[in-house]
Amino acid sequence: MKKILCVVLVTMVLLAAPASYALAAYNEAPILQQRVAAGELPPVEERLPVNPLVIEPFEEIGVYGGIVRSAHRGPSDATGYFRMVREPLVNFDNMLIEIQPNLAERWDVSEDGTEITFHLREGLKWSDGHPFTTDDIMFWWEVQNTREIFPAGVGVNWLAGGVPVEVIQVSDLTVTFKWAVPYAAFVNWLAAGQETYLPKHYLSQFHANYTDVDELTALAKDEGYSDWGQLFVNRSGERSNFRALGSPTMDAWYITTNFDAPILISERNPYYFKVDTEGNQLPYVNTLHRILVEDIEVMKLMLMAGEIDYITRNLWTTYSDLPMYIANQERGDYRIINTHGGTPGALNLMFNANYDEDSGIAELINNYEFKKALSYAIDRDEINDVRFNGLARSGHGHFHYENPGYVEEVDQRYVDYNPDLANQILDELGLTQRDSQGFRLRPDGTGLTLIIDGSTHHQHHSAGGELIKSYFEDVGIRTVLNVIDRGLYEAKREGNQSMISFADLADPLIPLEQTGHKITYVMAPLWELWFESNGTQGVEPPADVIRLMDIFNTLAPATSDVEARAAYMQEIAQIWGDNFWTIGTVGVPFNLSFAKNNLRNVPADGAHSHPANPAIYRPYQWFWK
Amino acid sequence: MLRYIAKRLLHMIPMLILISIVSFAIIQLPPGSYLHTKMAELRASGDQISMDQIEALRIHYSLDQPAHIQYINWIKGIITEGNFGFSFEWNRPVKHLIWERLALSLVVSVSSLLLSWVVAFPIAIYSALKKHTFADYFLTFVGFLGLSTPNFMLALILMYVSSVYFGFSVGGLFSPAYLMAPWSLAKVIDLLKHLWVPMVVIGTSGTAGLIRVLRNNLLDELGKPYVVAARSKGIGIARLTFKYPVRIALIPFISTVGWQLPQMISGEAVTATVLSLPTAAPLLLGALRSQDMYLAGSFLLLLSSLTMIGTLISDILLVLVDPRIRYE
Amino acid sequence: MDPNLVPQPELIDEPEVLQDAEARVFYATQWRLMWWKFRKHKVAMVAFAVIVVMYLGAIFAPLLAPYRADERHRGFVYVPPQKVRFRDEHGFSLRPFVYPLEQEIDMQTMQRKFIEDPTTRIPIHFFVRGSSYKLFGLFETNIHLFGADGGKVFLFGTDDLGRDMFSRILYGAQISMSIGLVGVFLSLLLGLFFGGISGYYGGAIDNVIQRIIEVLRSFPTIPLWMALSAALPPDLSPIGVYMGITIILSLIGWTALGRQVRGKVLAIKNEDFVIAARLSGTSEPRIIVSHLIPSFMSHIIASLTLAIPQMILAETSLSFLGIGLRPPVVSWGVMLQKAQNVNTLMMAPWLLIPGLFVVIYVLAFNFLGDGLRDAADPYGN
């Protein structure tokens, strides 16, 4: 407690001191000037916080006005909008390296790493002009703990060491997140795009802690919802995104239509808290449009017809269309921006470590040498050439090569094409008998068939799968390719019915956010269940897996030392390599995004991570030149 | 007559119950549930999701209850409150989603139907009168072409042509500029610019069937004694054809109009998906794919009930129009 | 028209014996009358020939195709259809030839280009030896109708994995064109069975069957397909999926036929010859099988002919929806599934060629069906 007091005192001193970069006068968009003149809005100085966040544009100071058009797939794609506009307490830079202030001006991590304290800017306002304070953070936490809204209680992301975080309101502007165990990486996670506040002054009217529950239930029934929890979600926006028509926001724009409208239109937030280096209040662009398009092919046509000004989501991994995008660049008047990240494991073979329908097969697919042979049987250069126009890299794709966890030797283990060696290893394993069609039999003479599941929603599972099938059959392993609807594919994997499945391993490049490795479901549903149930269900995993999860859940997040984290990451890579649970084929180390040629200040270089993009490219300082 | 209608209406009750059960069974048949789609989607977009979150969603969507309880609750909601349930995918009550879509579907379907009629009618009459001539073959060929081309292929090609060569904006029924605009002449013109593609794709696929039925019925009629007699009296072939045989040949249409709805929705589904039209079929298709059960189930229930009613109406019309048919 | 392509050819020669036309008509069997009328429908005759040629192509696919369906050619991905030439600046050659192709990838535009090298001719030889196969699953051989000597020939280009489209279309025809036949046959059995007993017995049975048909027909087909295909066991082998899909198509497709059969049975069951049979003590099933069915078989055949193309279109729709046949099975629908994106339209339009074959097949069957129907029409003269 003493420590916190200390921090608070320091904060107050800092707040009192005049910020060195404070600007004398602020400018605003012409349409806002009109509204100020008409008396609808207070002047810009009163709308901005005491100490606005000053943003240096990526290229140059912009001009006000215009619309930026994009496309989305409707309410189920709402995350795409969220990731364009979201405003966490702190934010990553566009390379995902440095954590920068945002709504919070400063933050401190206690020495033991268990307490993280954020100091909000003074005078922040919601898009309706209402002050933004730590009350809104406390309200958000209250919602997280409301069973009617989150039936299973707070999500695992808010637990550390199995205990929920404690959110402590220190003052109107200061809030502390107190963890049971050290959790220094919490700041990284927030910066990647996790919001921790909700507009209490607006949403409390739909929450039973503040409004009569019968009244709320009646209203909910009236509108076709079964309970007031559903009504709340409707008014607040989907649980992970929290954007809804009528709900105030801290974003640069607020939405003026529903997510299922033909166009999701958002207008500039007159109370936005950021200015450029010349004191112009951001954003530059007046309006965002997201056109509802259910088919991705139509999106591509729209892009190439020049009807989309910026897009990355939904098209970011359509690498095989790249020649088409280039051929139509002039017509569509756009530039193609490659961002670091991508899908290091674009067609990984996940061998189910818990497969139990056939003990013979289970033994084989858990055999290191067997998988080594299969890895040698794959002609990665052909996959790269045929499916990825030569843009991909061979490797197992555990980590992006720019990630501190990347260990080249592990990534490049057995990736050469060597069918002879593969045959030799398979022979040594005793798989020497063959059936009438030339396929290998098990040592006991029974048939041997590998079944690989893929999803119809992935571009490469079907065509890439055909290649993999032919490689395996070339070395005498009969293979069935089973590309099915993605719901079914997930159901099979979850139900431990998949023998082998394809998966795409994306590497978010944010330290400690390697979701592809944390989640073991793709290769061991019963181990996953064991972790989820705290050991009461499922199968206890081997020590290596427990160590892996320990690093992920406890050890690495606890430290804020970059070197120490890198060492942990490399240990993870080593564990994956030593166990060889999965075989990688190729991966593409970048993602695609598209911007109109005269839409400026979109950074030409940037890192890509699904949760952080494209907000880290700062759409609020894009402008039309 | 009234007794006949009452009897038919009474017959419809068990049928509707059967339909509601089949509708619900259709959405329950595929393994997995909406949660798996949701999980796949979240994972594909790089979101983390844990088992306890999934469990929470399962409880929230009442997916933890046995199927028959879900069915009874659903039906109870529809009958007592007109509540068709909740769409998981759209996060809204189903009743807010379907009607607008159905109306747009009707616009697309009716205009396509009109197009097929406009094309089929002259072709059928001409080829019935000039059987086995080159022009007969040629026109029939044109009529059949639409049927023979897979809808999604034709839709994709036309969309591509319309975007790349004519510079029309692609997808949907309106250009972005008119999407949110109030109705005006310009908006109608914009609608027509978009509507022609689905009209051609859906319309032409139905043309062949129409030509065939109309032509065969006409041929039947033209061979009958009263036509031969009239011909011998010197009545012009054109006048004669339109006076009776065409009318009688049209009767089968009345009897099939009731069945058209499900076929139109099916025909429209693929096309509308390719073209990203905001109509009912893509919504239904999407709901079926993501196992958004109440949305899909309600849609199916509505469509098939409407078809039942349509059939009844066309049967009644048939009795009224054609004195040869008795209602027994 | 080649009369050998038509069934019952022996009937054609017979009329010459008869003296005058009237006697011919009088003595002619129903089938012969149909044949005479059918012959008048010129386009139907052409369509019939086209269909026969297509089925022959499918049956002899391994012989006609220069390559196996799954044979990949490294460095020949997305090759556009190759021009077969008879002449160039070096003069005319009776033996067709192609130019060798050189792949060039423009690193700026990422475009693959295939440059023809006009200095070398690759002659096309007939009955060449290539990869071996079993014709009809019996005779092991490696003879292919044609092949390029020391080079490659891709008449319809190659697909995204460098496989010859021409060969794949031929192999795909085996699956696609048989799905229609098998599916229609199954629908026929179902239609005849349910339609027959419904029409013949009437009463409660009729009522129940009619209600079932009504319920089936009041649903759009796509959800029914989706539900049934999702209910197929996920571990089915490709052939199992093929059978499953065929059964699904016919389970939903029989209703139209069922109604037709019922209507015909209702119309015929009180005709004199049926009543006579019944009075002479013939058993009911026997009446249906040996009297009723033959009397409307001609109509049924005509309707069947029109139902076959529906099946193939349904197959492509199923593939479009991603619930039909799946690779590595080769069918036209599966091939077209790859073509359902703008990339194909812009960069590799030749992947749509299977669509052309679907169009030809469906058109041909429609004209054939119309011809048969006209021929079976008792009112026409």
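Should a chain be cited, it is by its letter among A, B and C, assigned in written order, with residues numbered from 1 in that chain.
Here, a residue touches a chain if its C-beta (ideal position, glycine included) is under 8 Å from a C-beta of that chain, and two chains touch if they have at least 3 such contacts.
A quick note: this is a predicted structure, and the numbers were derived from the prediction, not measured.
Just to note, of A-C and A-B, the chains joined by more C-beta pairs in contact are A-B.
Of all chains, A has its CA centroid at the greatest distance from the CA centroid of chain C. Once the centre of each chain is set as its mean CA position, chain B and chain C turn out to be 26 Å apart. Centroids built from CA atoms put chain C at 48 Å from chain A. For this pair, chain A with chain B, the centres built from the Cα atoms lie 39 Å apart. For chain C, the set of residues touching two or more other chains reads 230, 234, 340-342, 346.
Multi-chain contact residues of chain A, defined as those touching 2 or more other chains: 297, 301, 304, 485, 488. Counting partner chains per residue, chain B has residues 30-31, 156, 160, 274, 289 touching two or more of them. For chain A in complex with chain C, the residues that touch the partner chain are 297, 300-301, 304, 320-324, 326-328, 382, 385-387, 389-390, 451, 456, 462-463, 465-467, 469-470, 480-485, 488, 492, 497. Per the touch definition, chain B reaches chain A in the complex via residues 30-34, 36-37, 39-41, 43-48, 50-53, 55-56, 59-60, 81, 83, 86, 89-97, 156, 159-160, 163-164, 167, 169-172, 174, 176, 179-180, 273-276, 278, 282, 286, 289-291.
Put simply, chain C touches chain B in their complex at residues 40-43, 211, 214-215, 217-224, 226-228, 230-231, 234, 309, 313, 316-317, 320-321, 336, 339-342, 345-346, 352, 355, 358-360, 362-363, 366-367, 370, 373-374, 377, 379-381. On the chain A side of its complex with chain B, the touching residues are 69, 74-76, 79, 150-153, 155-157, 221, 223-226, 229-230, 233-234, 238, 240, 257, 260-263, 265, 289, 291-295, 297-298, 301-302, 304-305, 307, 313, 455, 457, 485-491, 494, 504, 506, 508, 515, 518-519, 528-529, 532-533, 609-611.
The touching residues of chain B, when paired with chain C in their complex, are 14-15, 18-19, 22-23, 25-27, 29-31, 132, 137, 140-141, 144-145, 147-153, 156-157, 160, 208, 212, 216, 219-220, 223-224, 259, 262-263, 265-266, 269-270, 274, 281, 284-285, 288-289, 296, 300, 303-304, 307-308, 311.
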